[in-house]
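First chain A sits with chain B, and in the next complex the same chain sits with chain C.
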Partner chain A sequence: MHGRRRQALKEPSVDEKEQSRQRVEKYCALNNSVMSLRANNVFTASALDQTKRLLELNTELHTVWNYRRQVFEHMDLWQDTEERQRMLEAELGFLFEIIMKNVKSYWMWNHRVWTLNSMPRADWKKELGLVAKLLALDARNFHGWDYRRFIVSNLKKASEGSSGSSGGEFAYTTEQINRDCANHSAWHNRSKLLPAVLEKASSAEAQKSLLRTETDMILNAIYTDPDDQNAWLYHEWLVSIQPSDEDRCHLLRDKVAAIRELLDLEDEKDEASNKRPLIELVDALAALDRLEAVTDTEKNECLETLRRLKSIDSYHVGRYSDMIQSLAQRWDLGSEHTSTMISQ
Partner chain B sequence: MSQNALDSEEFDAVVLGTGLIESIVASELAAADKKVLHIDRNPYYGGSFACFTLSAFIEWAVQHRDQRQTPSVDIFVGSGSIDTESPTFVVDHTSKLGDANNATSDAAERLVERLSPYLADAQQPSERISVTEQLAKLLSNDRKYAIELAPKVAYCRGKLVDLVINTGIGDHVQFKGVEHNYIARDDDAIERVPDSKGDIFASDSLSLIEKRKLMKLMTSIDDDKLTEECADDMSFAQFLETRFKLSGKLLDSVLYAVARVEKRDELSARAGCARVQKYVRSIGRYGRMAYLCAMYGGGSEIAQSFCRLCAVSGGTYILSERVGSVEKRDDDTGYAVQLSHGRVFAKHVVLDPSYLPDSEPTDCAVSRAVCILDNPVLGDDTTAILSYVVDVGVVSVLYTTQATLAAPSGQSVVYLWTSGRLSDTRALLLSALNKVCGSLARPLFTALFETRDMKPVQDALPGLCYTAAPDSTLDFDSAVDRALEIVADIA
Partner chain C sequence: MSQASDPVKSEILLVEKHVEYVKSLDKKHDEIEYWMTEHLRVSGVYWGAVAVHLLGRGDALDRDGIIAYILSCQNDDGGFGGHVGHDSHILYTMSAVQLLVMYDALDKIEAKRVVDYVAGLQDKVTGEISGDSWGEKDTRFAYISLAILSFFDAVDTIDVGGVVSYVQKSMNYDGGFGSGPGGESHAAQVFTCLAALAIAGRLDIVDRDRLSGWLAERQLKSGGLNGRPQKLEDVCYSWWVLSSLKILGRVHWVDRSRLCGFILSAQDPDAGGIADRPGDIADVYHTCFGIAGLSLAGYSDCPLVEVDPVYCMPVAVIEKAGLRGWASRLPKEWK
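Let's turn to the complex of A and B:
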């Protein structure tokens, strides 16, 4: 989970070591038992019980999860719809109990997805409530977000033609972003939903207005924390989904103006904090250059910025030198100019 | 205890007054194994920090307040009188004794009887019935009001909270977070002051570049090295303008609502940084707020808890005790204090200056307004502070509701205060009250009064430890500072 402090480990006492040894012994015995059952293709209720106990101890045994699914599918009761429903509801209960132990287990989430897909009647609304609770606890758990997308798509399928589901999800991302504008998962989900929201817009004007809202929102994030790469990334994506080149240039010019305003605010002594805005400035000018003419002053500003970056960010000196070379070549600024730039 | 039971008893310290400062001192001294006698002339604890039900508040105005400290209390019943700025009752020493008391068992009637000598000249006899009815309505919820004489809140990471934790009092006092911090300037609308990254991001009232400036301020203020950039003669306002390029609304928000200055350039840059640092570091300790507000009335509850602690450590308590003279002992071993329970001796005397028979008021005063509103105008079940900033001055506002059990559900109790004599600040206070009410709430009951600092007269006894009347700051730390200073002097 995010935001938890790492705790220093203490040397365990003799008692603790003995307890630990006993636990490991029990675990190994159970593990061996389950593996041998599996090797012998045993698909009984006893197998279900043993796999359950083993998975409670360790959620990461993907082989055992696989085996458990096989056991289910081989049981006679599986064929009866009502029995299957009952068994899988109980399975959901079991998963809910262990979910809190390790919220980030890929195998466990996978198993939950399988359970819901196999159920004759899955309660998607209840699942949505559950994942909302989980995300309230840890808003940046991408398992949670992935799972949420899975549920939402099933909800949509279940209620064919009912509109507004993506609207509700979109509003949910707004809520999460307002709570923490550094929640990359929320922004990512938003980028998945925005195209659908735009499509549903009633007119070109409405679309433009929606895009403008998005731009305003991401600029808010950029100004609140210019170091957050995620915000710049989303802005770049917004540039790419603009309907026309003209719109793209407009957005890029706004980006350049914003960066200049942000740089103005910084003082000379604290160059290191300027790194991200400076890189974005270079990217923006280069991108503009590919779309429309940029002035010679701007070209020089771009190269000058790269020079500044070389002294701020020594790890990436090679990259910046490379960019200087290729841009200078593209802009045909002469080889002496290029060599002076690189040697500094 | 029989009369004269204490006669000639010796104490390490006699503390006069059970206000917050005195109570902290008494408790700390008792914890240091000193023999403490703690006295209050009133039948209640808290002194100038006391907290009352509505009827008890009126009783304080009529009977218990110190005339020199608080010369008069203007009481407005209903909102009509506020509009015309003519009080319904003016409680001072010039009361005209009314007709003989008609024995009545109705609480409202009795209260009106208590107040009737103070009925303002301008009031018509016919309005008396309406006033009685309005008071009766309020009094039906009498016990649901917790009206404080000197409201304050505590920084989550301030000295009071640390003291409360260290002494164990934290187990007995409950607090709620002060959820919102507002600023109202001139004719602008009331706006929330953003106090976290999420707040700043989502704020509608800041421009993009203002958001950046505020974020930069919040993140760099945590660095102690920032004060190295403060020139000695620079005011905090200047520092914010030059170092962080703040201006306009944003500058005012930081200066008044966060650093809590009363006059623009009164705070030095270093002191300002320390204050904002305290504010920012307080956020997050208990939640997304910088201040805590105690339930049932802060200063009073906390003072009482310290008194309880003192008693448990062996302190002796007497309420409703008349204090006569305080004199130096002939053999220079301390003081003699004349009480109605006898004459006691003490090495040290700690007192609220109003306990000295010959103390006099200074020019330093805090003007206050307490107002019961018919509406929880800033939100039901919440607590908030607001800074009202205009050319002529700054008013601090504390808004309380049933969240801290200060008012019955559906109403709010609003406190407004500013430095200065009431004669100078009356219009400012009423204007601030109007701002808070807006068009959504009307005052049901308002009291205006001032509390003046007292000082001993010229040739008073040296060596007595004086506490002080509650000042105009928003929080308790200045009181804690003074208390700990006294304790250090004595112990």
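Let's turn to the complex of A and C:
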């Protein structure tokens, strides 16, 4: 019962009680009827109609979805390609209506996948358009994104055309990010596509240029909202897929510079808004330390920064203490130093 | 160590109210919700049973009635439906087996039938696990298959390496896991993947620091946790996020006192039960995961039974089943 408000305790009126009783009675009658048809292996148009009416009332009845598929597959009409196409087109229409009412039902999405897979002529391009509409309404719906990947893989199987190719999908995520650079779902999907896009690049230089564009894009997201953890994580990932350690160091040094710039800008504001850049400063320096020597000043800066974080973000004190301990240990900064740090 | 500057004013866990709430659930025949949730009743009973067990009131529900009901939900294929006469699904098979273990009645079913049902759901080529014979794949099912089989000491009947590689393919740049390869990270899927890897003894493939950092940032100002960035807090993530952090040995990376405050504020002070958020209608699912969250967070104003973060059942039950071994198979760098 996600998001349903509790009302002040109130005795329902006689009318309300009667309405509720009728609703229960109607639902149970239909449910019992469907379950008994199913128990008796009835595979008729009437069974289809009844399952449809029941599923409209309750989309979560996976047994009824299963039964509905069995009915379809047992009907004589199923054997006729044209009839099957017609029935399943109608099924897609029915599903679309109820998906728009409840986009979070796993069973419905499964049923849609089965419907498409069972169609003599599935129109994958039309499906792609449909899911684009849905994602325009709810850009973070992971069922929608999962379904989109399913459609794209089928489009790829059907043809090697531009729509649905990894290049086309990559452009789609660019579009989504240009609309809202904090769309984590789009960044996520992009991370799954970028390796293939890089592989297709014509030369090492072209690859580098793609990676540079990618870095600029994510830095833009970071500048737009420095508190967005996801953007920083994407940047970290970009560092990890650079062709060489030299490139990695370069990117990390740029990151440190960008953070210092952000911290200068934010100085006037509330100290809490510095939290994310401060964590990232420590992470970047600690990552650099694995590639090249960082200075003692920078090491001390890391520990000082973590101490500062403990005072501005009381929710995550345990994390910062662990980080102080692990860095002090790595840099052999002495147990006395560490325990003072942790207790402060 | 410095403490949270403004400790949450302590509300009390309404133990008796919650026990009564869970007991009342089977009597609400005049409410449409009772009938609309019939298809997942087995899981509903499991959530209720975990709630009362963690409250130290394992005897609150009718043991014999529950066992008889569970047995009546088993189908010819060896799996369990969510209710009598419903198709088998691995989700409900999990709840059914967990209940039988909790009520010490696993010997009432034939192990081989359940083991064969679960093992039959693995794709021999990809290692993926389906939820039922219709073939939906999900990392949730990967976890469930290992968990169920572990109760029967039969994990080796499936290709564990295949399951692990499927889970690994579902890992993302933020260190989290999605519903499958390509799926976006989500705290509930993170739990299922970590718990699967814990049972398989393969937590070494996890990026512990990155994932712990991502999970810690699920905590919002209210103290509650969300499942993905930019989403609202919800009591059920008290379980999904905190169990994950517990497996990672990082439960102290969130403010547990503020989290307890959030969970307690979502209680229904009149009818009992816990809701997704303060002021919403309570349900048994959030009651279960709210109390399990309190147990993991070390809530101490009243005694709570310790919950196992991999199985979501009392630690004592898991110990008795001989399944606490996951905790000693953690990567050695974690210790």
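Heads up, the rule we're going with is that the second predicted complex is superposed on the first by the 313 of 344 C-alpha atoms of A that agree within 3 Å, B and C clash if a C-alpha of one lies under 4 Å from a C-alpha of the other, contacts with A are read in each partner's own complex, and residues count from 1 in each chain.
Keep this in mind: a residue touches a chain if its C-beta (ideal position, glycine included) is under 8 Å from a C-beta of that chain, and two chains touch if they have at least 3 such contacts.
Because the structure is a prediction, the values reported are computed rather than measured.
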item: Clash or fit (per the criteria above) of chain B with chain C on chain A; value: fit
item: Which of chain B and chain C A:Q19 touches, first, second, both or neither; value: neither
item: Which of chain B and chain C A:N300 touches, first, second, both or neither; value: neither
item: Contacts of A:N110 with chain B and chain C, given as first, second, both or neither; value: second
item: Partner chain(s) touched by A:A39 [first = chain B, second = chain C, both, neither]; value: second
item: First (chain B), second (chain C), both or neither touched by A:A258; value: first
item: Which of chain B and chain C A:T224 touches, first, second, both or neither; value: first
item: Partner chain(s) touched by A:R179 [first = chain B, second = chain C, both, neither]; value: first
item: Chain C versus chain B, contacts on chain A by residue; value: C
item: First (chain B), second (chain C), both or neither touched by A:T213; value: neither
item: Smallest separation in angstrom, by C-alpha atoms, between chain B and chain C in the superposition; value: 16
item: Common interface positions of chain A, toward chain B and toward chain C; value: 182
item: Chain B partner contacts - residues on chain A that touch it in the complex; value: 177-182, 219-221, 223-226, 258, 261-262, 265
item: Contact footprint of chain A on chain C as seen in their complex; value: 1-5, 29-33, 35-36, 38-40, 81-82, 85-87, 89, 132, 134, 136, 172-175, 178-180, 182-186, 210, 212-214, 216-217, 219, 228-231, 234, 250, 252-255, 258, 268, 270, 275-277, 279-283, 286
item: Of all residues in chain A, those that touch chain C in their complex; value: 1-6, 9, 20-21, 23-24, 27-28, 31, 35, 39, 57-58, 60-63, 66, 69, 106, 110, 114, 140, 142, 145-146, 149, 182, 184-185, 188-189, 191-192, 228-230, 233-234, 236-237, 279, 310-311, 314-319, 321-322, 342-344
item: Chain B residues within the chain A interface of the complex; value: 197-198, 200-202, 208-209, 211-213, 215-216, 245
